[in-house]
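Structures given as structure tokens follow.
Look at the two complexes coming up: subunit A is in both, with subunit B in one and subunit C in the other.
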Partner chain A sequence: MNWEQELAEQMSGSSDYVQQQLRIGENVYTVCYLECLVEANYIQDEIVEKLADPACRFPFHTLETTPEAIEAILYGNLVIYSHAEQVLYVANGTGMETRNVQESENESSLRGPRDGFVESVSTNLSLIRRRYPDPELKVDIRQIGRRTKTKVALAYINGIVNPVILDEVKTRLSTMDIDGVMDSGTVEQWIEDSWYSPFPQTQYTESPARVLHMLLEGRIAIIVDGSPFVLIVPVTFSMLFQAPDDYYERWMIGSAIRIIRITGASIALILPSLYIALISYHPGMIPTQLALTISAARAEVPFPSFLEAVFMEATLEMLREAGLRLPKIMGQTIGIVGGLVIGQSAVEAGIVSPVLVIVVAITAISSFLVPAYNGAIALRLLRFPLMLLAGSLGLFGLILGILAILAHLVSLKSFGINYFSPLVPYRPSDWKDMFVRAPLPYLRDRPEILHPQDKKRMDLHKRKKGW
Partner chain B sequence: MRKSPVSRLFALLMLPVLLTGCWDRVEIQDRLFVLAAGIDKNVQKEQKRSYYEFTAQLVEPRALSGKVSLPNVSPVWNPTSSGPSIFECIRLMATRVARQPYYEHLQAIIIGEELAKEGIDRSLDLFYRDHESRRKIKLIIAKGKAKEALYVKPRLMPLPGRYISKLTEEGESKTARLPATTSIGEFSRNFHNGENSILPAIRVEQNEVKMAGGAIMRGDRLIGWLSDHEIKTLRWINGTFSKGDEVIVKLTDADERPSFITMEVKGARSTVKTSVENGKPVITLLIRGEGNIAEDGFGNKPTMEKIKKKEEQINHALKQRVEKLIAMMQQKHGIDIFGFGEEFRRFQYAYWKAHKHEWDALFKEAEIRIDVQTFIRRYGQFK
Partner chain C sequence: MIKDKLTAPQITVQLFAAIVGVGILSLPETVGNKAGVDSWIVIMVSGLVAMVAVSMMAYVGSRFPGKGIIEYGPFLFGRFLGLVTLLAFLVYFLMFVGTVVRISADVTKLFLLDQTPIEVVIIGMLSVSTYLIMHGVNAIARFNEVIQPIAVLILLLVLTQTVRDTDIGRLLPIMGDGIAPLLHAFPTTFFSYLGFEILLFIQPFMEKPALGQKSALIGVAATLFLYTLVTALCLAVLGGHEVTLVEYPTLAIIKNIEVPGAFIERLDSIMMMVWIPFAITTIVMFHFCASLIASRLLKLQEHRVIALLLVPIVFLIAVLPRNTLEVDEWSKWSSYLGFGLIIVIPPCLCLMYKWKARRRARA
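Then we have the complex of A and B:
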């Protein structure tokens, strides 16, 4: 069957499909492409000129089958048929429209590289490759998505990565059979260990420098075409509290900030439920003076502390969600409505006590301290069941809830790595980069829990003490 | 929905949470904080059933914070009820106050002199047992009626209960003029071990409460009082002397005027050595203390010899006081309040076991050797 008819038939119904004949000198070519993916100027300037130049042989590679040709067309390339040679060539198109590499808005850092990933897998790979010009950086690109055939690249450093984990990731990716992959989130949800866990079992980042840091630790990056978020696996719970700045800034600052983040996360998780438990069940645990103050402040509040707290916390979540989707100009309105109307008026009306407003405010600020958004939202959601437990069983319930969360965290795994390591199982050598970020020379070894092939990260014996 | 065994189990586990129905939940504003309690003996003879007179100091925090300005709402209310047991007194009180009295913030229990003479253990029984009261509650003996202490209107603090509790705390830690054992937990331990205790004593004046030394408790019965200077001596003996107290030595200067050396004590320790000689207990007491010269009536330039001499004068004065107090306890009251019996139990167990029921009698006869050493660490700048 004539390939021209075959292509036309396959592409029928797509008005942007162009199949035209070019007569250059005595040669006749048929050029096929998608109008929307290839610029007209490009054909004129590059292709026609090259074809017209008799000295120029085709810098293009040849194609054998029709499906190959269709795929090339669909990815924005030109397929050229030379009638004289009866050969099918493919010429790279200009590529699709992509966003420029710019600073990430979600993952801003005070100190450190500012470039962020974009929606194109090749641009993203180039951002990583440029930082690691070494053949040991391996990139395994595959197509996932029954219909979308999205390019998914797996990047790792050969010689560092643990082959067991690598095989596991590859196996899980190869099981993916889904019609479309819209974002790296789709991949994440397919390959993660537990669907029922509130905790994220992969991390995403928009920073190429962070990806490189993770690759050097022996982790694996998954880059999905069309998504500026690169997935990193395997991850541990302590990574929720790590931000790139911790490593770029001197260790004391990094450590101090990390301790603040961990404190903040604990506050965000338990403070409202602790408030409920103490107010409704155990006022004896509040210092006398404070107990008297709280009692006076709550004297007019008609609701039990549980309802009061749930009401305010739910309002807070609503405000936050509303602020997220609003255009920036409208953001002020949310601030005024949230701060003044709800905060102040609710207290004045005697619906909530001023102490609770402080609790809610501290909780809100604390929950923003966690750098990983998906981790922060998990902690924020877990707050509500904890509040229910504290409201029905007091501190006993709160402790039960915390135990349940800990039990879950301890049993959770991310690609064969224990999620709560290096705390459980106990790997104290990895604690140097957990609660605190130890000074650089102490981070000589890569994380032990990942069992990297190359364990040493640096050689310290040339570095003198006291220079 | 897929019904896995896990989800069924989970649902089953969640049900009891709903069953509790917020069991034991009482919001903080519905509790009535009891800050102090006074227990007296009921003297009205016609009410035969009643024995105790229980006064609780209840606090209305709203009135404290100024949110309520009604003239009839006051921050403090001291209702009194009487009955044969403290528990009944508390329940009787519930018929008069509209909220649930709450004892976890109870700061002090004050016991009147009359009741203390008959024994305080029975009246404290509820507070030992009940889960709402803490072992840290201060136990204070009042000269006169305990109730009166609760009606005092302190000038600087709105709540008499807190004022009394703070007062004993300060008195205990900053001046050593109150005994070191002040809580019902400590008293209970002493009493149930068969020991005697010294409890802080207060005296009520018009608008204040004054720390007035200690109450000598033989077991749980009040048998006498110690002045605040005697309490200081007691704390030297026990080695529980805390910072900031003073030793004053009275001397006469060259012009025959009285003159004083005052030492600010920074710490003290005592060691008790026990032995048995000729079937009699012998106690060797070594007291060591150190401190600074706070005031020196002679105003001389200090030299090594002068400091040494002052140390000796202080040692001598202290030793006299210690001897006097021990002699008073041996002769007048005849009970061991110094904890020497405990030292015998630890180090002379065989002897203790044989004689523990007649210990107070043996204590009267005991020979006590005292050695006092004090050190002046600083004399300050005085130019």
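Then we have the complex of A and C:
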């Protein structure tokens, strides 16, 4: 058999490739599969049984070419050749090991759906599809990766999504030429607008409900096989401060929490540099009483405030990174080392001032307020250049630094959408879901910045109460 | 959506950003020297004159959609005179940027960094402004849209605290010396409105150039309001004579504030934080327009290379004056040049446009 040899040749060197002949009744079948991708019992229980039953029609679809057959095998399917009919069939194999759908650890929410994406693109799609049983939810699956041929699915809602943005996303995805796609992060970095920016230009999420929310706003989801993180584009800066809970909880709470997050992000960015600038350049600007307290506390410290702050902030980042990779049980040790040894002992030894420890602690807490980890880390890293500026040019340097960051942010774009929109250019109609989350009736329209095809989200006139 | 165009609010904010700059700290003093307690009247009147001039510019600009004075200037004035006009604008812009950078650096040095060499402060400012210019007119507009309202809001909040110290009586008598000192003060006052001429250069980037007039008028009116408020407050707090004795009356009245029970003791530090963005945005607008003219004159598509090449020139202009007196001299000359340009150019543009239009209609 020509194709049998061809298959065997292509798969030669793979010991897990199985090509075996089954004689069932009068007919002879050749079954080809990859051992590791197909459960052993499955062939015995399902396939052989079905083949043996003369009444059973093949529920499998047929194949024409060898490359098709190879692809089917590599994706964990069975290829069955019926010698009597001289037809190639493909049967879905089971037994691809995947993680069960479980609660996401990185994106925990107090209120809202708990299920999280897993590494399988089909499971992830099923999680979305189940929430949106409508043919208008389009899923465009393509293979990306010169060698890995990873499945990448593009999900959007036809009739809402802006076709211009959709085309742009499709173009960028189709021009991807890279040998392997390990995670959605690979895709993200290929399609993003600016490579030289610390800020994330796509958003990732593990929550299907959140993806659906974004799809309904007119955004596009990119699901990559092998990654539990689904990308959402286009993204704006304000989305970094939004969490799904904001929408599920009542609006005052949602808004208040958002304001806290934004305040936290600003504190995390500027507080250490403000400390440096005020202590070393403009002590006169601190209220007298406070200035006296601080200088009394700093009297023992041998370092300039810049070095002192950089030491402590760097230590904080090191602790954070160390805690991230360690097993959870070890994490507590890190906490003790960080809190007691470094904080308290450093103060007692007179190396840093207690005021600075408070500053560092506040910075740390505030930086964890930003829900989007990739956004939070960008802000945390930018803290260091700002500290350098504040250390060299004082308050003036700090303001220059902030202006430079702002200049960078307003110049960024995500798939043609201004990163800093809807704040600028002014779109007051979208401000209702930016710093605050307005009550439901005000969120009647989809975000205008995305120019969705269908603008209205709800019809308030239909709302009736029983009495 | 994909291709950015300036919106009407952006034009308003751009003009505001270009006009309000370093001058706001010293404005009451410069005007007060000439017009005394009636400074605020002069400021209002010159603001109205500026509004007339800006509406003329916007009128001509809206007749040439997608074109700025760089394109229609040579068409209306003839090739030679058009070129001369543009070169005059270029020289004026560069000198203006240089002096503004220098004055900002001087003030920064005075209030924030008394030990730092002035060159370092200048390089710091220029690097931020150039970085922003590199991103183009739309990014500049968005930047202004973020920073200007915040800065104005903080400034107004700080100014509310000065109201306690005011005495309206100090503003009296209105026009006690007749109209002559007002006329005498007019040119100096008008300098503080320099900046709205950038409309000639940014109007072609507008989405709907027809809206330019309204937006520009709002921008100048907002400046007029802010200037009048600041000057009136300074006069009402310090009085007509004292205003002329302090170099930066606006800072002086803010320093004077004592907020009972407040944590923040010195509001002037907040004022400085507001003032640096004001200065930088002015620098950005003028530097951008200068590089726009230069790049168009050299028939380049991009303004970026030119913008970078202009940085050393601006730097030199900024560091050349040896002391404040020389800075004042430079500033005076660039202001006279600008004053001449924006008093002469808008009516000329209007007249030439009308004349050409009539000739075309007759032909």
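Methods note: the second predicted complex is superposed on the first by the 461 of 467 C-alpha atoms of A that agree within 3 Å, B and C clash if a C-alpha of one lies under 4 Å from a C-alpha of the other, contacts with A are read in each partner's own complex, and residues count from 1 in each chain.
The definition used in the following text is that a contact is a pair of C-beta atoms (placed from the backbone, for glycine too) under 8 Å apart; a residue touches a chain by one contact, two chains touch by 3 or more.
The structure presented is a predicted model; accordingly, all values stated were derived computationally and were not measured.
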First, second, both or neither for A:L393, with subunit B first and subunit C second: both
First (subunit B), second (subunit C), both or neither touched by A:A8: neither
Partner chain in contact with A:L423 - subunit B first, subunit C second, else both or neither: second
Subunit B versus subunit C as contact partner of A:L403, first or second or both or neither: second
Touching partner for A:M182 - first (subunit B), second (subunit C), both, neither: neither
Partner chain in contact with A:T293 - subunit B first, subunit C second, else both or neither: first
Partner chain in contact with A:V341 - subunit B first, subunit C second, else both or neither: neither
Touching partner for A:P283 - first (subunit B), second (subunit C), both, neither: first
Which of subunit B and subunit C A:A52 touches, first, second, both or neither: neither
Contact residues common to both interfaces of subunit A (with subunit B and with subunit C): 281, 284, 286, 288, 393-394, 397
Partner subunit A, residues of subunit B touching it in the complex: 17-18, 20-29, 31, 33, 35, 59, 61-62, 64-65, 67, 102, 104-105, 107, 132, 134, 162
Subunit A residues touching subunit B - in the complex, by the definition given at the top: 279-281, 283-284, 286, 288, 291-299, 301, 304-306, 388-389, 391-394, 397
Touching residues on subunit A, where the partner in the complex is subunit C: 162, 164, 168, 281-282, 284-288, 393-397, 399-400, 403-404, 406-408, 410-411, 416-418, 420, 423-426, 451
List of subunit C residues in touch with subunit A within their complex: 1-2, 4, 7, 9-10, 108, 112-113, 116, 120-121, 124-125, 127-128, 131-132, 135-136, 139, 141-143, 145-147, 263-266, 269, 272-273, 276-277, 280
